[in-house]
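Following are the structures in question.
You will see two complexes here that share chain A, one where it goes with chain B and one where it goes with chain C.
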Partner chain A sequence: MSQNEDAPEEVQLPPVLKASVHDVRYFATLLRGVNFVNRATVTITKTGFVVVVEEARTLLGTAYIFANIFDEYTYNSETPPVPQDSQTLDPEEEDNAAFEIPLNTLIECLNIFGTAGSSAPSAGSGNVTGKYKKWKKGGDDSDQEGDDDTGSRRQSNGTGSTRGIDSYFGNASDKGTGMRMTYAGSGYPLTLLIAEDAAGPTTTCEITTYEAEPHLELPFDPSRMVLKIILKSSWLRDALSELDPSCDKLTFIGNPPPAVPVNGRQRPQPRAANRSPMLRIQAAGTFGSTEMDYPNDRDVLETFECTRPVSFSYRVGHISRTLRALQSSTKTSLRIDDDGLMSLQFLMPSPKAKTDGAMEAFIEFRCLSLDDELV
Partner chain B sequence: MQATLDASALKPFTRALTCLSRYGEDLAIYATPETISLSTTNSSKSAYCRFKYSRQFFSKYSVGSPDACTNEEEGGLVVTGQLLTKSLLSILRHKTVEKSVERCELSIVEGAQDKDRSDEDEDGLESKLIVRLHCKHGVVKTHRLLLLSLTSFLAPGVPDANNESHLTVGPRAIRDMLEQFPAARSDPQLIWNFGESEVEVKSFESSLDPKGKNQLSTELTISADEFDLYDVYATPTTIAFHLREFNATIAFAESMSLALELRFTDPAAPLLIDVEGDNSDTLFVISTSQVPGAPEPSQVSTNSKKREREETPRDFARIKKPMKAAQRTDAASLAHESRTPRSQSASTSRTAESMPPPPVPRRSYPSQHQLEDMPDAQMTPVPSRKREPLFLPMSSQLSAADEQIIRDTGLGIEDMNAEELEMMLEGDGEEVAFDMSQRSAKREETDTRQMVDPADDMEFAATQSSDDQSKGFQPLFED
Partner chain C sequence: MRFRASIENVNTFFRIIQAIEKLQKKCIIKFSEEVMCIICNSEANEGGIQVWSQIKVDSLFTSYRIQSNASNVITMALSSEALLATLKSASTSSKSASAASSYEAEEIVMKLAKKNNQAVLSFEISGMTRQGRKVRVAHDVKIDVMKPADVENLKEPMCPEPDVHIILPPLQKLRPIVERLRPMSDFLGVRANNNGTLQLSIRTDSVTVDTEWKHCKNTNKASTGSQDPDQEPRDPDELFSVLVSTRSFWKFLNSHVVSTTTIACICQNHCMILYVYVGDLADAGGVLTFYIPSQLVDE
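Presenting the complex of A and B:
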């Protein structure tokens, strides 16, 4: 790209993407959820951007990061030079910018101060930065309760134990690491400006971007859906963590819930355990097999829809790719269509979604089933 | 076999498995209609651990379902199996289990084939241990673990009880002592010297330490009052054993708030530890090694004749090969050997000693009676001693050629033994396992007597028999 002759033009053209956030942790968590293959395709739209990662032509991980998680988000359509005068393109649908980026590098850059560790708002611990020593502040902020000694302040910043009431309001005073991200357009690097706070050092990272190549498409047709489950992520997380590491195949078995008694004559059957289970997660390994049966209990399965008995197997290696996203999510939606295509959506709790009612980001995985298990 | 544990019993059960996993990898399950015992032996067979639970421990317990293949030849209904402790423990120790499990069902389903348990590698015919966890909200988790057939029993060699020393101590007290001896990476061996009113514990300093790592030598003296019961048969008695398994025992006893009952006889015989709970009976056996040059309880030598090859200094002859905590016995031979009268094994070992100790009425221990009552006699003392060379073989013996070398030197050192000769020839004596002054004193003692115990003769003959040649002296512990 001949930057020299474009340079005067670029001065006038605003960058394709300009986004900033005062705390990178949520953003980093979302990216980390799909960080199982280094090369990710990033598609930028007006409403946010989508990070897509695929593995083995079988597993597709997608992180939907909406614009509202950023403090500032401006997307300027990268209008190609030729149709610049013809403004007839549909601005809603086609007007996207896409590039590929080494995802691992991006996450490492965000974590350059060691402060982009898991935000884990679901874990209930607001102070996950405790491990890291923050940079010493210049002593200019006076909103901390008056410990003038910088040594003890540093300690108090690190542990957060002496911040008093602030610790009950999330990280109100702990601003975290701020980031400003710009992407000038195709061929330009993604530029990150990362600063821990106003007085601390700032880092500028330029990450090379690549032209986006077409990636695996696994469209999920809701009309062909045969199984749909919504459950708390902890249930699925516990189930997957209990599997023996030697297992290589994971089978989801679903059976339609028993027919609802129409006239009330039918009593609740005491031998419910003997019927075929509604949801069974099953795995076989070297040292034995594991089955986990879940009843149709609202406390366990918030939603259970199953049209016909299904049994599909997936490679544990692929399912375990979802664990990182699963761990930081609150709710999981699991859908399987009649071909065995599984769609796992993890709702990622946003630290500020509660307040402004913004849409929470989510990560979706789609995985093809193993062929030999097709029912 | 079916056993159901409720949430309160699951915790001690998991603790027991944790302790078992620190002893050895394999878990042997042995279930009779009244008790179930879980046992393991470490890889060097120097430590053995067994938990026995009575049926009252479980909320439900039964052995022998209609389709279960039972082992009738031992005269009772017995279900056995073997699996990796880790695989069972990883299920029960999972963090979600403690929170959510309300009931745990363990059941053993034996292979489908009839009585033929030799080939179990065919699909669908394996025995399985089924762990069914009933969690809150009606979630049921079923783990099926492959169960291997228990081909060999590892039974501890229980020493004769007539000269046993007894100690009882709480886990906290003994842990406070042992905290002084960090066992983080290495597995240190501790020397315990049980005196009249004091117990001396010190770290075992090995002269074989190649890099001089053990720069730190710790010695601790504890008053015997620290022990709830202190009954040492002959003072001073010195034994040495490794800490790793002992620590596992202490950790278990502490988690269960149960006292440890230690029993031991002489330095080469294993240390037995009993931890008894309400419905459980736990036995730990840790093999000990003799400390070279340690003071011995009084023992008189009655030498009557001399043979040239027995010119070994007496001190060498006194070092016994440590007795292994568990002997591998195959099931077939166990059936015969376990019936060996106890008195026979006792008399065998008595001849090996220079003077039989005065007859002491055998104390009765409820636990031992239980052991003997077990139909398959898994725990019945196997007369292990007669198979063990009691004396340090090979290295202290001189070959004819070596003796010629000694004579040729003309230095008047005919009474030199092989090790000394080797030292002399090699020029560096880093392999000395005890201090020289004491040995030379002992050698003079031997010279004056020029006699060797006839019982020793017998043992030496065994030592040098052809099949023992290959075994040589294999130290139980790598120092």
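Presenting the complex of A and C:
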């Protein structure tokens, strides 16, 4: 990618990335999910892009944003096409463009008109209470049209999870902000063209990009996995939001489910107090500790796999970094390997209908456990 | 020295002071027979912003009486915070029905008085509770009456003939944008031309953001032309720019509570003058004039 010497000779190289979207809110929500450190590494490929943020060499946040969330997405490889002898290389791995960018600045720029939903996750579904719905703006005449449009699209998304009716309103009645993004190549800024509507102002942002530096790698090996849970995000969100701010350590305790597979709805009969819980989240701090147990119920834990009793602790400060992504997600997958490396994946519900084969965007966090707590 | 008036339009008065209070905790008010001038000219203001406003007496007050030895002008320095609190109690009481103690302000009389050897501006609010009982609330705001010699020294900033006059988009639309820009840069570039284009931009090491409006209205084209007939007509697309402190521009935007129309004038690389009209442009009850000097930055 550093081979740029011959770039000036070819006068009009197509930009490496050209993407546009008529409503930036979903894109902004995904970025906001990993916005806990300002410097992010962005890797652009043909299928979309990946935003990686790390903290304290312990926590890694990754947002996978696929090309299908954009109305238009064109990637032109910066490296000249290599002759066919390089078949050993995996094209998906090799062909990308990477740079570092001040993530907070990018998000602020997307939200320049205050319409990219700063506090509330734009797609706060699964949140049946509609606690986070946005205020409807007064004098918004596109109300009706927007409602119909989004509503029908949503309904066609038959596989969608339980969305409260409230979530339709806050989202649909707001006019979105459109964006066109280009990245000319290494050394060039990321250029954003943002406009609210044809009559309103247009904003041009040029965000300086920096050369990507190698970042922390925390590979998760599924063969070493000892605990795997899939649950509705609200179940985890409610638990984590109960935590007292003075707590500094969070322990996840998992025990293999009882050997006899019972009918999903039925709880294993008398659960004595001393019986080890299937999943317990324990928080400890200066002023005491909290324990939260999850029942062995299919309604709560959609998937629960645990090979042996595990207990790993994490810093609350790190886990709380995931809250913003957790809040805007529908489903969470939590996995822990035998070293205590935790992988949290949050499925981010897309406002668009899911076209077949397209993946929904998700955000992943990987976090190393605290050393002193091994079983 | 005598001064007495009843406040007719308390909400407008409240909003004007609200905009002023954000800028400066103390302000100077000069009452004359025709106009009320509110002046904020502290040197210590953020980015050197100053306000010189003129509000027509008729638009706020009725039964207005003023008498003084200094040709019927009374100038006083007072705390804008205290004045705001007073006006709030007079104005919100007429709107909000939530508080149990709420009452309808029927009449608000403002007068100059002396209490315990201290000059005060005394506000007497008489009203009716919702139970139908009469109430009277009095607020005294301490003031310092300024000597005529000191008043003489108050001078509006001198500015050259502006290069461009342009009507700004509604300030409520500008606010969210400047709110985003504020943490990114201390300096804000404002550019405009005589063809309806307005740009706000910041430039830092990590980001450049330009926001552009087209089809704004220019005013005073004729007067600029007649100023210097020999001068060859200027290119209407030529942009004139000024670099101001982002925070002082933000403070100016606090006047969105009172503004209907705002005209921005740019004196290239010198200053920016903003006329915030209170009420309709045609029948303006007054105007708040903000002066924001240009900032010099090594680039």
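Some notes on this structure:
The working rule: the second predicted complex is superposed on the first by the 276 of 375 C-alpha atoms of A that agree within 3 Å, B and C clash if a C-alpha of one lies under 4 Å from a C-alpha of the other, contacts with A are read in each partner's own complex, and residues count from 1 in each chain.
FYI, a contact is a pair of C-beta atoms (placed from the backbone, for glycine too) under 8 Å apart; a residue touches a chain by one contact, two chains touch by 3 or more.
Keep in mind that this is a model prediction, so the values were computed, not measured.
In the superposition on chain A, A:299 makes contact with chain B only, while chain C stays out of contact range. When the shared chain is aligned, no partner comes close enough to touch A:221: not chain B, not chain C.
Of the two partner chains, chain B is the only one that A:287 touches; chain C does not reach it. Of the two partner chains placed around the shared chain by superposition, chain B is the only one that A:244 touches, whereas chain C remains out of contact. Put simply, chain C touches chain A in their complex at residues 169, 173, 176-177, 179-181, 183-184, 205-213, 215.
Of all the residues in chain B, the ones that touch chain A in their complex are 83-84, 87, 90-91, 94, 96, 128-129, 137-146.
On the chain A side of its complex with chain B, the touching residues are 235, 238-239, 241-242, 244, 273, 277, 287-295, 297, 299-300. For chain A in complex with chain C, the touching residues are 102, 105, 108-109, 111-114, 189, 199-208.
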